[in-house]
Amino acid sequence: MTVDAKLLARARRALYTGVISDVLDSLGYREHAMQPHVRPLDESLTICGPARTALYMEVFHVEKGKNPYELEIALIDDLKPGEVAVMGCPRGGRVAPWGELLSTASKARRAAGCVTDGLVRDVKLIRDMKFPVFAGGIGPLDSKGRGVVQAIDVPISCGGTAVKPGDYIFGDVDGVCVIPKRLARECFRRALGKAAAENTVRKELARGDKLAAVFKRHGIL
Amino acid sequence: MTVDAKLLARARRALYTGVISDVLDSLGYREHAMQPHVRPLDESLTICGPARTALYMEVFHVEKGKNPYELEIALIDDLKPGEVAVMGCPRGGRVAPWGELLSTASKARRAAGCVTDGLVRDVKLIRDMKFPVFAGGIGPLDSKGRGVVQAIDVPISCGGTAVKPGDYIFGDVDGVCVIPKRLARECFRRALGKAAAENTVRKELARGDKLAAVFKRHGIL
Amino acid sequence: MTVDAKLLARARRALYTGVISDVLDSLGYREHAMQPHVRPLDESLTICGPARTALYMEVFHVEKGKNPYELEIALIDDLKPGEVAVMGCPRGGRVAPWGELLSTASKARRAAGCVTDGLVRDVKLIRDMKFPVFAGGIGPLDSKGRGVVQAIDVPISCGGTAVKPGDYIFGDVDGVCVIPKRLARECFRRALGKAAAENTVRKELARGDKLAAVFKRHGIL
Amino acid sequence: MTVDAKLLARARRALYTGVISDVLDSLGYREHAMQPHVRPLDESLTICGPARTALYMEVFHVEKGKNPYELEIALIDDLKPGEVAVMGCPRGGRVAPWGELLSTASKARRAAGCVTDGLVRDVKLIRDMKFPVFAGGIGPLDSKGRGVVQAIDVPISCGGTAVKPGDYIFGDVDGVCVIPKRLARECFRRALGKAAAENTVRKELARGDKLAAVFKRHGIL
Amino acid sequence: MTVDAKLLARARRALYTGVISDVLDSLGYREHAMQPHVRPLDESLTICGPARTALYMEVFHVEKGKNPYELEIALIDDLKPGEVAVMGCPRGGRVAPWGELLSTASKARRAAGCVTDGLVRDVKLIRDMKFPVFAGGIGPLDSKGRGVVQAIDVPISCGGTAVKPGDYIFGDVDGVCVIPKRLARECFRRALGKAAAENTVRKELARGDKLAAVFKRHGIL
Amino acid sequence: MTVDAKLLARARRALYTGVISDVLDSLGYREHAMQPHVRPLDESLTICGPARTALYMEVFHVEKGKNPYELEIALIDDLKPGEVAVMGCPRGGRVAPWGELLSTASKARRAAGCVTDGLVRDVKLIRDMKFPVFAGGIGPLDSKGRGVVQAIDVPISCGGTAVKPGDYIFGDVDGVCVIPKRLARECFRRALGKAAAENTVRKELARGDKLAAVFKRHGIL
C-alpha cells in the first residue's frame, strides 16, 4: 500500500486539493481538511509528502540549563527528502514555531515543506527560497519562553485535523488535506481519474451546457 | 426607479465601495456593508449587479435518492446576464459552496459574479478566468453531505448583512456593499457626484493643505 | 537615549521584525508584538518611527453641531516628518478609521505611515501611493456616527499591545513591534549586531550543516 | 403614547420577556432582545422601566487631575424612581462598570435596576439587597484607568441591541428586551392579552391535546 | 443489543456522565461529549433515553401560507414515552427552539426531556414542572421568521457532537453524553461496574491514602 | 514579607475580591484578575492560599507504558495544608483536569482548594463536600489521551493571568485574583483598611447621600 515515487510525482504535478478532498469523501474519510486559516505563504506552491510531526506546548518561562529548541532541532536534522514537517500548536497561540532558519535547514535536507497551525516569521526570505510553508498566520515572536516542542513523531492535531506520523499531506492554494497512510495510494489513483473527468465537465460548461444536463451526464460537480 | 444599463455601466467603471457606503449612510441606510472577512479572490475585479440569492443549511448526512445540488443547479442555470449569485451560509461552516465548475457555468451565462460568506475552492482556475468571486475564505471541502441549498430567491443574510432578491451588490477590493433595490438609482447618481468631489479634495491634500481647512471647505473626508 | 536620524535610517534599511522581536525579548520586554491580524496593506513596505496615538470610541449616533472628525484631523495636521499615526480601536469594530484622504494628507506631511487595529478603506489608492499602512482588516464603512477619536497623544492599546506616545513602531511583512522609547536606541543597536550573526547562521545551514551543530556554535536560531 | 403608572405596574407583575418578544415581533420590531450572555444576577427578579443610558470607552491610563467617575456619578445621582441605568460597554471588556456602591446609591433613589453588557462586582451584596442587575458577566476589576463613561443620555448599544434614552427595558430570567418608547404602551397592552391566551394553550397541552390541534385552534406556540 | 427498561432505569438512577464518558472512552468511542455550553436548566435532573432528532436552519423571513412550526409540531406530537427531543441548531443562533409550551406538550407524552444547542425560553415554568431541558443558553426570541426545522429523525450535530436517531442521550449536572445505539447496553453495564469501583477509591482517598498508592491499587482516577 | 497564619485567617474571613483588586491596582499591579469565565462551583465559598501550579498540554494519544496522571498525582500527594492547586490549561480545551477524586484527595491533605481554567467534573459531589473549586467550565471528559500535566511548580498562565508558584490566590463569588508573593502581606493589610472605609461609604449612600458628595468625602467608589 506504499506510494511509489512515480505515483507521488504524478500526484504532485496533476492533482489539487479539491479533487483529493472529493476522493477522500468518497472513500468514507471526511475529516481530512485543515481549517481555512491554515494558508500557504506562497499560493503558487504545492506540498505533497509524508508527515513528520511535532507537538507544541505553550510555556511561560525559560527553563534554565535546558535547550528550548532541543526536540525541534532533532526533528529538522532528521528530516528525509520529501518529508513534510507538521507542527501542531495550541489554539490562540501567538508564537512562530517556524521561520527562515528552519526553512533553510529543511531545504538543505530536501524536505518537501512545512505545515503548522501556529505562526511563521521571516516570510519574505522563505518566499524567496520557494520553500512551501503553510501556516496559521504570520508573526515575529520566537518560541523561546513561550512554546516548546514536547514530543516528535506522535499523533497530533493541526488545523483542527488529526495527523499521524506517515500520513500524507497535500496542500495547495485551496488548503491542506491529510490523507491517512493506508488510503494514500488508492486516493492518488482515484484522484487522477476524477481530475480527468473534471476536465470534460469544465469544457461542456464553458461551451454553455446547462449544469443540470452536465451533472446528469457525469454525476460530478 | 430601475437602474438602466448605462447608469449601471458608469457605476461599475467609476465607483468604489467607499463612496457607495458614504452615500448609503447619507440616505439613512447604514447596515449595508458585509463583514470584512468576505474578501475578493482577485482584488483587481469589481462586481456590480442585482442579487440572486441562495440559502444554505448545514447537514450531516447524504439523503439517499436525492440530488444534493438540485436547487444550486437550478439557480445557476437560471442566472441572467449581469446577475450576481449570493450564497448565504451558516456561521463557522467549513464547506465551499462555490468553485470552478459553478464559475464556468455562471460565466457562460454572463453572470456578473458570486458573493458568499462560505468558502470557495478551485481558486487558481477562478482567478485565471477573471470571474469576480467574493468569499468568506478558501477551502477544499465539497458541500455534499455537509450543506444543502434549501431555498433560492428568498431573503438571506450574507456576511452579516441582509440581502433580498434584486438588491444591488457592489464589491471591490475594499469589501462588499448591499444596496436596496429601491435606493439603487439614487445611490449610484449621488455616488458619481461624490466621487468627483473627492478628486478635488485629494488634490488639495496632496499639495499640502491642512485637513482642517479642506474639510471646512468641502465638508467631506 | 534618543535615536538619531542615522541610526533610524540604518534600522529602517537593515532590520526586520524577527530580529527586533528577539532583541526586545532579550532585553526582558516580551509584550511587544501586535496580534497577527494587524497586517500590512503592502507587504513590501517597512514602517519605522515614533508613535502619535489616537484613541477611538464606538458611538451610535452623530452628535449635532459637532465635527465628528475633530481630533482625528488635529492629529493628522500635526504629524511631523517620520512619525507614525497609531489608531487604537475597540475590538470587533467594523469601522475604517483610516483611508486614502488621511493617507494623502499624512504623506504630504512626510509622516512615516499608519498602524491601526481597526479597518482601512481605499486600499488600492493607498497602495498606489506606496504609503505604509498596517491595519486589522479592510472595509468600506466611514466612522461618522460609528466611531469618534476621543483623545490623542495618550497611552492606547493597538493590536493587543500597549502603545505610548513616542514609542517606536517597527512593522514589516512579519508584523508590527512596539519598542518602548527608552529601549529604542539599545534595541536598534543590538538588532543590527544580531542581524549580522543570522547571516552567518543562514549560510552554514544552507550548505547543509546540522541545526544542532550550528545552534551549538552560535546559540541563535 | 406614554405608559401610565398603572399599566407599568400590571406589566411588571403579569408579563414575561417571551410574550413581550413575541408582541414586538408582531409589531414588526425584531431587533429587540439582548444577546444571551446578558444575565440577571438574581433569576427571581424582574426589571421594567425607562432607560437612562451611559456610553463606556476603554482607556489605558488614568488622566491626572480628573475624576474618572464624573459622568457615571452624574447619571446615578440624577436617576428618577423607576428608571433603569443601562451601561453600554465595548466588546470583550474585563471591567465591572457596576457594583454594590452604585446599587446602594441607585436603590436609595428608587431606581428600577441596572442593565449592562459589561461585568459587575460585589454580587453577593447586590443579591442581598434584591436590587435587579443584569450583566454580561461577573468580575472584580474596577473601571479606574480601564474604562470611562464618555457620554450619558445618548443612544448606545447594549448586549448587541440599540438602546435610546427613554426606551423601556424589560428583563427577567429569560433575558432582556428593549421596547422603543413609541411602541411601549401598545406592546404592554397586546402582551397582556397574549399572556392570557397562552394560559389557555398551556392547559390544553397539559391535558394531552396534540400540538397540531392546539396550534390550529389558537395560532400561537 | 437493545437496552431493556430495567437496565435503563438502573442507569438513570445509578450512573453519572463522568463514568459514562470514561466507559465510552474505554470502548474506543471518544467524540461523545457535547460542548460545555450545553447546560441543564435544572442541575438536579438527569436525562436518559433514545434521541429523536430535529435539524434547524436559520431563515430570514416568514414564508407566506406556510406553518413555520410544522415539522417541530410533528416531532413533538410523535414523541414516545422515554424519548429525548434533540434539536440541533446553527452556531451563533439567537433563537429559542424550545420553551414552556413544547415542554408541556412533551411531558404530556411522557417524553424524557429535551437537549438543544440553541436557546430556551420560559425557563421558570419549565423548572417548575421538573422537565429536564439542556440548552446552549437562555433567551426570549421565538423561531418564527428566524429558524425553521427542516428535517426530523435524521443525523444531526448538537453541541458539537454527532447524534443519530436512536442514540442514547445521558445528561446530568456535568454535561451531556451521546451513546451510539449499538454500544448503549454494553456502556451501561460497564458503567455500573465502574461506578461501584469508584466508591471504593473515594473511601480510600477520603481516609488519607496517597493518590499514587490508590491509583496503583485500582488503576482508576 | 511572609503572610502569617493570623493575617491569612483574617483575610479569608473579612476580604473579598473587589477590595483585593482595588488594592492591587493601587500597588501598581494591574494584571491580577482571571478572566470572568473562571467561576466558583459554589458561590458561597472563598478560596485563599499560596499556589501550587501545574501546566497542562493537549495530547492526541495515550502513550503506552506510561502513567498519564503521573505529575498530577505527584502534585496532589505533595499538597500542604492551605495550598491551592492551580491547573493551567490550553485555550479551548474540552478536558476536565479536576474532579471529585482529586478533590477528595486534596481535602484529605487539607489543601485550600483548586483553581483551573479547564473544565471540572463530578460537580455535585464536590459541592457536597464544600471543597472550593473554581473552573473554566463543567464537562465530563477525562484527560487520559487528551491532556497531560507536563510540569509542576513552574510559572503558568491560568484564566489569562500569570501565576507563579507561591503567589497568593484569592477567589470568591466575584472572581479570582492572583497576588504576587512579595505583595501579599501589604495587599492584605491595605485591603482590610479599605474594606472598613467601604462600610462607611455604603451607609452614607444607603441613607440617600449623593454619590458626588460621598465620593468627594472619601475618594472611593
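In order of appearance the chains are A, B, C, D, E and F, and numbering begins at 1 in each one.
In this text, a contact is a pair of C-beta atoms (placed from the backbone, for glycine too) under 8 Å apart; a residue touches a chain by one contact, two chains touch by 3 or more.
What you see is a predicted model; the values in this text were computed from it and never measured.
Match interface B-E to one of A-F, E-F or D-F, accepting only the pair for which over half of the contact pairs are the same residue numbers.
Going through A-F, E-F or D-F one by one, only A-F repeats the B-E interface.
With centres defined by CA atoms only, which chain is the most remote from chain B?
F
Taking shared residue numbers divided by all residue numbers at the interface, is the value for chain E and chain F over half (same) or under half (different)?
different
Based only on mean CA positions, could you tell me how far chain C sits from chain D in angstrom?
For chain C versus chain D, the centre distance works out to 41 Å.
Between chain C and chain F, what is the separation of their C-alpha centroids in Å?
Roughly 37 Å separates the two chain centres.
Using mean C-alpha positions as chain centres, tell me how far chain B is from chain F in Å, no decimals.
Whole-Å distance between the two chain centres: 49.
Could you please state the distance in Å, as a whole number, between where the Cα atoms of chain A are centred and where those of chain C are centred?
31
Which of the chains are touching one another, listed as pairs?
A-B, A-C, A-F, B-C, B-E, C-D, D-E, D-F, E-F
Quick check on the complex: what are the chain C residues that touch chain A?
16-18, 20-22, 25, 30, 33, 35-37, 39, 43, 172-175, 177, 198, 201-202, 205-212, 214-215, 221
Help me check something: in the complex, which residues belonging to chain E touch chain D?
Residue positions touching the partner: 67, 69, 73-74, 76-77, 94, 99-102, 104-105, 107-109, 119, 121-124, 137-142, 144-145.
Spell out the part of chain F that touches chain A in their complex, as residue ranges.
55, 57-61, 63, 88, 90-92, 150-151, 154-157, 162
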